Each structure stands twice: as C-alpha cells, then as structure tokens.
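Take a look at this one; I'll ask things after.
Order as written gives the chain letters A, B, C, D, E, F, G and H; numbering starts at 1 within each chain.
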Amino acid sequence: MSDELVIGGKSFSSRLILGTGRYRTMEDMVQAVEASGAEMITVAIRRLDLDDPGQKTLLDYIDWDRYQMLPNTAGCATVEDALFVARLGREVGKTDFVKLEVIPDPKYLFPDGAATLEAARILVQEGFVVLPYVHADPVLARQLEEAGCATVMPLGSAIGSGQGIHTVEELKIIIEQAAVPVVVDAGLAVPSDASEALELGASAVLVNTAIAQAEDPALMAEAFKHGVAAGRKAYLAGRIAVKHYAAASSPTTDVPQPAPARS
Amino acid sequence: MIRLTVNGKARSLEDSTDLESYLVSFGVNMKHVAVGYNGEVVKKELFPEVRLRDGDVLEIVRPVGGG
Amino acid sequence: MSDELVIGGKSFSSRLILGTGRYRTMEDMVQAVEASGAEMITVAIRRLDLDDPGQKTLLDYIDWDRYQMLPNTAGCATVEDALFVARLGREVGKTDFVKLEVIPDPKYLFPDGAATLEAARILVQEGFVVLPYVHADPVLARQLEEAGCATVMPLGSAIGSGQGIHTVEELKIIIEQAAVPVVVDAGLAVPSDASEALELGASAVLVNTAIAQAEDPALMAEAFKHGVAAGRKAYLAGRIAVKHYAAASSPTTDVPQPAPARS
Amino acid sequence: MIRLTVNGKARSLEDSTDLESYLVSFGVNMKHVAVGYNGEVVKKELFPEVRLRDGDVLEIVRPVGGG
Amino acid sequence: MSDELVIGGKSFSSRLILGTGRYRTMEDMVQAVEASGAEMITVAIRRLDLDDPGQKTLLDYIDWDRYQMLPNTAGCATVEDALFVARLGREVGKTDFVKLEVIPDPKYLFPDGAATLEAARILVQEGFVVLPYVHADPVLARQLEEAGCATVMPLGSAIGSGQGIHTVEELKIIIEQAAVPVVVDAGLAVPSDASEALELGASAVLVNTAIAQAEDPALMAEAFKHGVAAGRKAYLAGRIAVKHYAAASSPTTDVPQPAPARS
Amino acid sequence: MSDELVIGGKSFSSRLILGTGRYRTMEDMVQAVEASGAEMITVAIRRLDLDDPGQKTLLDYIDWDRYQMLPNTAGCATVEDALFVARLGREVGKTDFVKLEVIPDPKYLFPDGAATLEAARILVQEGFVVLPYVHADPVLARQLEEAGCATVMPLGSAIGSGQGIHTVEELKIIIEQAAVPVVVDAGLAVPSDASEALELGASAVLVNTAIAQAEDPALMAEAFKHGVAAGRKAYLAGRIAVKHYAAASSPTTDVPQPAPARS
Amino acid sequence: MIRLTVNGKARSLEDSTDLESYLVSFGVNMKHVAVGYNGEVVKKELFPEVRLRDGDVLEIVRPVGGG
Amino acid sequence: MIRLTVNGKARSLEDSTDLESYLVSFGVNMKHVAVGYNGEVVKKELFPEVRLRDGDVLEIVRPVGGG
C-alpha cells in the first residue's frame, strides 16, 4: 500500500520531519537523522563566524542528496526579519521550502499569528513552499491555507517544553477543515505524542528537542520512527469507538461450572 | 578606505573589490553560504558583479542546527 | 541490544500480548496474530457444543509451537469458578500460564480485587504462572506480587471500552513499586495508548478489542506492534523532562539582520 | 440406566462406560479438550480409568477466542 | 476585604458576566440574572421587526440602572460589520463598553484573531471600552492589551459546547503576562469550570449557555455565583502545591497499639 | 428547598467534612472550622503524653455540641490495629461514627481494600457507622455497601498530594451504582475539585490539607464552602450536555448590515 | 416617490420626511433603538435633522438576548 | 511491685490500685480520654473496677488533629 505524504509537489515516505538543533554532538545528530528515517530536515540560518570561516557546517555532515532541506526562520520576531532570513535560506539550501516562524515571545516562543499570515502571503507570492508554525488556531489555519501555504503547522505545546499535545481539540478541528497536510510541531516529548497526532489525522509531525536531548538520541529517533508508523497505520486501520461501558472480549455464555464433589 | 559592516561588525578594505573576491579572501566555502547585501539577498552567480562600496552592510550566513 | 521480557521463566521478544476474542472472522484473527508479532496469545475456555463436537477450535487455526497460550478465566465471578476454569485451561493448553480474572460486574467488567488475591494465592500454590487482571490499585498490586504472581495486570480503563488509559498516576506508582513485570490490560484503543504505557515503564500490554474490532484488524495489529516498539525504545532512550517554559531548538544568537537599502 | 449432566444438560447412558469411550462416542477430538468430572479436572491420560456413574456431572471444554 | 474588579474605570463586585441569550423564556432569563449576582450583562444588537415595532425588548425586562450593559458584535464575520454593530450598540446602550467578536466560522464559532485585533485598534481610537473575544493565544492577548483593550477574553472551548476549559496551559501564560483583567469566555459548562478559571488567576468569567440551557437556569445561576466566589477566594487564599507523593493529614507517631490479652 | 445529607441516620446541611490535621496553629484550625460551615469533623486518636497529661486537646477548642465528631483510624496498617483504634475513638468521642482507614503504604498512603472490607464487616457488626476510605474501585465500593457501611469514601488522588481528582471515570461508576452517600476524600486541592465531585453526583467531600496548609486557611475554608454549594446546586440544576461543535448564544439572523455611503 | 431599504427590505414613501417622523410613523419606541443611516450611526438627538432621500439605506436595531 | 507498660513505656507501681485512681494520679482529664487495657477498650464507668496487675498493658489516648 503506497501512502505517500505530498508537500509542495514532493512525495515523502516518512511522516517524521526532524530538527537538527540541540544535539550534544554532531555524531549524535548524524546518528539520529539516520535512525529516524526522516526525509525532511530543518536547519537554521545563522551568521558565519568570520574568525573561523572554514569551520564545518551541517552541509559537511549530511548527504543532502538524500534529504529535503527545510530552512527555518527561527530567531525572527518581525515580518521583515522573517522575509530576509527566508530568502537567505533559499540561497543556502537551493530550495523553495521554508519553515516560517515569527516569534516575538522569548519565554514561551509562541508565534505571532497575524505577522505569520502576512509574511506567508508575501513568501507564497515569491514562490516559496511555506510551512508556517502557528498556534493551534483553526481560523488562522484556514487563512494560511487560503493564502497558499503548503501545510499548516499547529503547535502541540511550547517549543522544547516536552509537555506533549495540549491542543487535541483544536487539532481535530484544524484537521477536519484542512485540505493541505497538517504537521504537528513543537512540544512533542515521546513517541506516543507523535502517534496520537497521526491517529487524529495529522499528516506528519516535526520533532527536535525530544530526540536531540534524550539520553540516547539515536534510540529515541528510532522510537519516534515507530511511533509515527504506529499512528499512521492506526489512522488508516480505523480505530474502535469509545464506549462508556465495557464489552467482554471473551464469550459470556457456555462458561464451565464446577460441580460439588458427590457426597 | 572602504568601511563595511559585516555580520554586525565593522570591517574595512584598502581598495574596492567585488563580493566574490572578498569572500575568497576569508577562505569562505562558497557552496555553503548565502549573502545579504544591504538587506537584499544576492545570488551566488552574481557575487563577482557586486562591487563593495563604503557603507555596505553584508550578512554572510550558513546553515546550522535548528528545529 | 537484547531486551527480553521474562515471565514465568520464559523469554519473549514481543511486549504485545494479543487476545483472540471478538474478531469478525477467523481469517481476521489469524492475520492479526501474524501481523502483531505477538508471542503470547490469550484464549477463553468454554463448553464444547456436543451437537457439533467436531467443530474447529482455535487449536486448528494457530500454530501453537510458535505461541505461548495464555488461557483466561473470563466469565468467572467467584474464586471457585475461577479455580475450576484455570485448572481446565491448564489441561487444554498444557501450560501453567493463566490470566486470572474474577469479575462479578457485568456492566463495567471491573475485577474483584479481594477474590482475585485469594484465587491467586491458591493457584500459585498449585504451580500456576499467574497473570492477574486487577484494578490499578497499588496496594493490591503489591499483595499480588507478594503472593507469588508472575506479573500484575492493572487496567487502563474498562474492558473493550476504548477509553484508553485513565490510570496513569496509579500505573506510575505500581510500576515504581513492582519487581515483577507490569502488563497494562484493558481499555487500550490506539497504539499511542500502548506506547504511553511502555514509556511509563510498563513491561508489556495486552490488547484485544482495539485490534479485533478495528476496521482493518491486521493493519491495526501492525500499528500496535510499532506502538509497543516505540514505547519500549523511548523508555530505554530516556525521555526529556517537562519544562513549564519553552527552549529554543535553533540558536538564539547570530541571527542575520536585514539592513535598509541605502538612500 | 445412567443419568449424567454434561455441559449443563441432562444425558443418559444405557450401560456404564469409561470417560474415554464416552468422548470418542461423540467424535470429540481429544487433543483439544479438557474435562471436569464432578468439579475435578481429569488429566487426559486418566480418561480410560474414569468409569461414569449415575449422577456424574461432566464439563467438556475447549479453547475459544478470548481476551 | 474589598476585592473589586475594575474594567474601563468601573468597579464590579461580581466576577460573573452573564449572557442573555438562549433562555427558554424571558422569565427564566430575569430569574437567572437576579440569582447570578452579575453586574454586567451582554446583549446582542439585531434588526427591529418593523411589522411589530412595539414589541418588548430586553430593555423592558431588566432594570438597567443596576447593570452595566455589554453590547456584543455577535454575528459579525468582518472588521467592517463588527465596527458598524459596535457603533449601533453604543447608541442602543448609551455605553462605551463593547464585547468584540469577529467570527467567520459558523460551525465552531472560533474568532478571527487578526481581524479582531484590527477592529480593536479602531474601536479603542473611538473611545470604546473593548472586551475582545479571542482564541487562547498568548501573543494575540499581548497585542490586544498593547492596542488598548480593557480586557482580554480568551476562550475555554467552543461557544455553547459545554466542553469546559481546554486551554488551561495557554490561560496560565496569558494571565501571567496580562496587566489587564483576563475574562474567560465560552465553553464553560459547570461552576467548577468557573472556579478553575479564577483559581488560575483569571479576573472573571462570562457565562451564557451553561445557565440559559440548564434544566433550572436560576439554580444554575446561583451555582455559578458560588463557583466564582469559590475560585476567587481560593486564588486569594493561596492554594497548596502539588506533590507527587502523599502527606499524612493525621500524626504518624503515638499510634495506640493493641496488646494481646494475657495468657 | 431542603436538601439534607443523611449519614447514619443523622442529617447534615453541609456537604463539606473537614479534617483537623496539619494546621499551623490551633487558631488557624478553629477559624477554618468556623468559616467552612462544616458539621462533621474528623479527629485522630493518639497516645496521651503522660509527661504532660493536662495538655489541651481538640476537645478544648471546638464546641462539640455543634459538630459530629468523626474519629479516624489513621496510622493503622492492619485490621487488628484499625479495630482497636476505632473502639478507642468510640469511647473518646462517645460516637459510633468512624472513618475507617487501613493503610500499609507509607509513601502514597493508599488503602488496603481487602483489609478495609474485613474490618468494615466487623465494625458494622459492633454497631459502628462506618465511613471507609478506599481506592476508587467500583467493585470494592459495592462490597462495602453490601457489608453495611454508611458511605463509601473513594479517593480522588493521594492524601495530601494536592493532585485533585484523578479518578473521575471510576467515581462516575461508583456514584451510579451506590445507594449510600459517596464521599470523595483525599487529594482535593482547590474548590473546583470539590465542585466537580458534587457535580458528578457525589454526596459530599472530605477536605483537610488543602485548607490547613493554604496560605490563608480560613479564607480557603470559605472558598471550599462555596465550591461545595456550587457543585451541589449545579448537580440539582441539571447541567447542559457536551457538544462537539459550537452553538451561538446570540441570534444568527437579523444582523444589521453596514451600507456604503452613497456616491 | 422615495425608495428606501429598511432592515434589508424595500420600502417607499410618498413624500420626503425626516428620520424621527418616519420612526414615529411606525410607532417605534425611540428609547430602545439605534439607527444606521447609509452605514453611519445617527445619534438620536439628530433624528429630526436627517431628511430621508431616495435610495437611503436604514438599519433600525434594538437589543436582544445574546452572549 | 507492679510493672506496667503504659503508652509503650515501662512504668511501675508500689501498690496495686485501680485504673481510675491511677489516671487521677497523673492528673488526666477523664472527659478527654479513652483507655485500652491489655488490648480491650474499657468504658469510663468501669475505670474504678479495673484493678491494675503486674504486666498490664495500658493505652491512654485522646483526640488530636487528623484528617
């Protein structure tokens, strides 16, 4: 059964998008990327250190022929900054894909919905394949889709908080209403979070801190690979309904009855 | 004397040069970078054509780990 | 990495125990068993229909050389009934393994803790490998372990209800205190439930209705196989802690800044 | 005449017989069943030794799907 | 102890704002208003039926000298419509207070954050006391406060859904960051929802359907009056912290010990 | 409307049972008792300090003509200990009421269900009015009722943990099945917890640590008084059903429409 | 002949009149209403000064129950 | 000499006495206490009748704050 995820005209077999930040070592990162089975990988765009311009970059560690690079606009608090970094990312990665983030709030890293929508409209005009990171706001999600975004990326909880998915009810509505893939991003801590998102009908998840900061990143990456597979298969397999009473899993008739030993 | 702002820091050049040569002078690996020139992003193929002028603001960037 | 589950002196690679009830067809059941990767399978003990004594039984559909049979005492409401059915099951399956259930309540199918403990003590004396199905009661779990049970099997929610795991806090305590494997049984609906149980440190899960009654049982069985693998690996990989604020997954310094075009 | 209760139903036999023969007479596949005899479980190897008597209560069981 | 709620320069003793929609009868509504102890009451602005222009209106049933009228912009899907209805409401009620709603989505009635922010900026300029109904989006809440809104009114769950509060984590952050009163609006079903909101530090709640559609609206209004008082007092009283273990409420020493009767 | 709670043949207007442990000062305790409106008060039974036999006891601080004393068996780990302390409490308080606790687990203070049931049967025979503290186990609750207990007291979460109510689903079933009053005990932290318990149909709650250890115990006691009133009234008023979509609280027709100014 | 749109419905007047008189002609209770006149809200004290013209659009509103 | 165990501690008496007198000798307020005597609870009215003997175990208790 072919069950591809299509974003921006490209097909992906994996529904796990992996971040490359916060690993303790480059080796951890490389092993986690390998173990995760991910086909799309996020990167940030930062100033080169001119006092060490020859330093290795991510480009030296990852075989980019095998992965779709997804440059992000992390660190940008305004529309202008996000546009600039998105355009730089396009040059760095030679890709139109961009994970759009406009985040004014340094403590909880929650996105600015109105600014994200404004930036998304401009980037779509410039031919970008825009994956916008936003609050789990069903109306905003619709507006981003109407603006031509390739996906919507509602948050589960605060970035890197490991709180899991707080927004189940909103996600259900966003998924119900969306014609583009819904990618749940931020807050996922364990594979059951990823599995739950896909069981609800999300098309994919984006994970970074949960894997990068796990005690064993490569093993946690493998765990998430299974979690995503589990959630997608369960979604396709059609889960049972919730009942408010029990239903015996063994027959309730023909139960053998002990007899008193004869007197 | 040409004064530049490169990645937020003041730098200077004796003689005018083009962006390509300037980057090469740092030993920057072209394949890995992108450049913002006075707020506009310059395509790599155009680096040789960009002549640096006094007051120019450059942002020389590369990819790093991020989520 | 070898990571075996040991119950009653036997080693199992799979941490998914599968029930055989409520499938729409025997074919569904056989395919689900195959797809699940399970190595232990529950069966119920019922009266033979003497008007059709040659009818096929589960023994004709499953290659029991490949699976540990786990006869249950489902349908028993008293200690006496449970002991009798456990002893019959031992003869049928030629195994000492028994899933002990003493359930007086027909609507919610919640177990009788005191009766289960009493029956467990007797069956342990008789050399049974007892896997008792009980409420998620930490004190009862300790008593069952002290009585010599091979595992404890606390419930997630009502049997067949598909409500998932209501008893997370109690399960954490049971797992913390148990020296025998903790197997979460009943109520699991989706693989994220199974994954969550194993992430908490449970050693295995028992699933029946969620798979048997799914629209596509074999695919759901495969989903649970992944969910169990995900949860176990995540447990071993060491999850991140929960934070009440965010933590950036991209660097917060050296963000490129747009400059105004020169006047 | 020997009256038995088998799986909750009344049955009768003309002449006394042993449990093994009785089961065979039904065409029961021994490999698949267990038998409760007056509340006690009888090991299969003992089936031939169990002589059925008037009033005996038999439970003849086999495995079915269950959770 | 004086503990007044101040909105738009006016002081209120009650922290329950009551809606007037969906009552089965005007009598139910009047009794509920009385029983609730509310001091601020929402109304909608609708076209007069010119075929029955003398018909009684809310103004005939409620003594408006005792209540602050809060006209809403319910039914408006665009900034322009909301501005127009807000201005009409100001004339009808001779008050600058307005509950601002811009809701494009007819199924879940979730608000349009960007449009609400745009309309709020204009109405604040026109001297309105703006109480904006929005998604529980911490960044948007900040922007509305910076725009000069008198409160922020994040939702608990969908209007009239009776689902209670899904947005606890977001509400905590909104409350932490807000300098204006936070009023939780929409979805509250039972007084424990109202109490929870105030325990978290919300300044007030707005309730309509939970009271109007209860079997006994006046009694439910009284229940919410108590719930709001309970939540506010608890917030001021300083709740205990959550522990992950128990703490005996009776002394653990000097427990009397039975002695065996003497032989 | 008379709405009395009847336990052991006695009527109570208040549905809040108050514990007297863990107050910082006797004054705090006395004020909290007064503010709570409680009519039944728990006490523990402990050895008198013979080096200071004249020391004041609770009996000197509370006017017991106004309150039903409820001696508990806290500190007892076995049936024998609990019986002995229950009998001592009966002499101390000159009352047949006893809060039965049999708790072997010092860390989480979870009760021993089987031992509690055994002790309850004996105490009922001796004419005690038994209020047993137990896990939220629906089957055990039925057995305690059948044994003649005056109430069942299922726990919300661990004693003194302030975790609130983890056992909502089990409580619903216990309440549905019980003919005696269900009193939710342990773990309640805030009045919304108490209100929720009564909204579900519980007859009362028992609270100690949440009030005794609050920053302002008397104010928190008042908060719980309101919370209990709120929950009971809401239960009687008949809550609205949960919907998975929204329902407008304002009319959706006859919305005024702005017109363009004429050209 | 003056054609008006009032609360979304077409209405007509023989002779021109002012807003106040027009509302009175319906028996509308002034205390309870507000009026939108071609998209602008008119203060009650100005009703007498507003002379209705052909094509005018009126929204005559009052408060109803709402949340 | 009479050796007692009172509230878990060893105590002794020169001469035999009754429970009532023994408690009074401590200045215990009768209204507030209950007494366990060798594992049995003694009703207050019986205190005078209980004669303390060598080896007796007493538990003298009163109410304290508890939940």
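Assume contacts are C-beta pairs under 8 Å (C-beta built on N, C-alpha and C of every residue); 3 or more make two chains touch, one makes a residue touch a chain.
Note that the coordinates shown come from a computational prediction; the quantities given were computed from them, not determined experimentally.
Path length between chain G and chain H in the touching-chain graph (shortest route): 2.
The pair F-G is the one among C-D, F-G or A-B whose contacts match those of E-H for more than half of the residue pairs. A comparison of the C-D and F-G interfaces places the larger number of contacting C-beta pairs at C-D. Chain centres computed from CA atoms place D at the largest separation from chain E. Distance from the centre of chain C peaks at G, each centre being the average of the chain's Cα atoms.
Centre-to-centre separation between chain D and chain F, using Cα means, comes to 55 Å. Each chain gets a centre from the mean of its Cα atoms; for chain E and chain G, those two points are 34 Å apart. With centres set at the average Cα position, the gap from chain A to chain H is 71 Å. With each centre defined as the average position of its C-alpha atoms, the distance from chain C to chain F rounds to 34 Å. Residue positions of chain E touching 2 or more other chains, listed in rising order: 19, 21-22, 44-47, 72, 74, 84, 88, 108, 110, 159-160, 163, 208-209, 212, 249-251, 254, 256-258. In chain D, the residues touching two or more other chains are 7-8, 36, 39, 59, 61, 64-67.
Only residues 104-105, 108, 110-114, 117, 135, 137-140, 142-143, 157, 163, 166-170, 173 of chain A touch chain E when the two sit together in their complex. Residues of chain H that touch chain F in their complex: 6-9, 26-29, 31-36, 39, 41-44, 59-67. Of all residues in chain A, those touching chain C in their complex are 19, 21-22, 44-47, 49, 72, 74-76, 80-81, 83-85, 88, 106-110, 158-163, 189-193, 195-196, 199, 208-210, 212-217, 219-220, 222-227, 229-234, 236-258. Residues 5, 7-8, 36, 38-40, 55-57, 59, 61, 64-67 of chain G are the ones touching chain F in the complex. The part of chain F that touches chain G in the complex is made up of residues 249-251, 254, 256-262.
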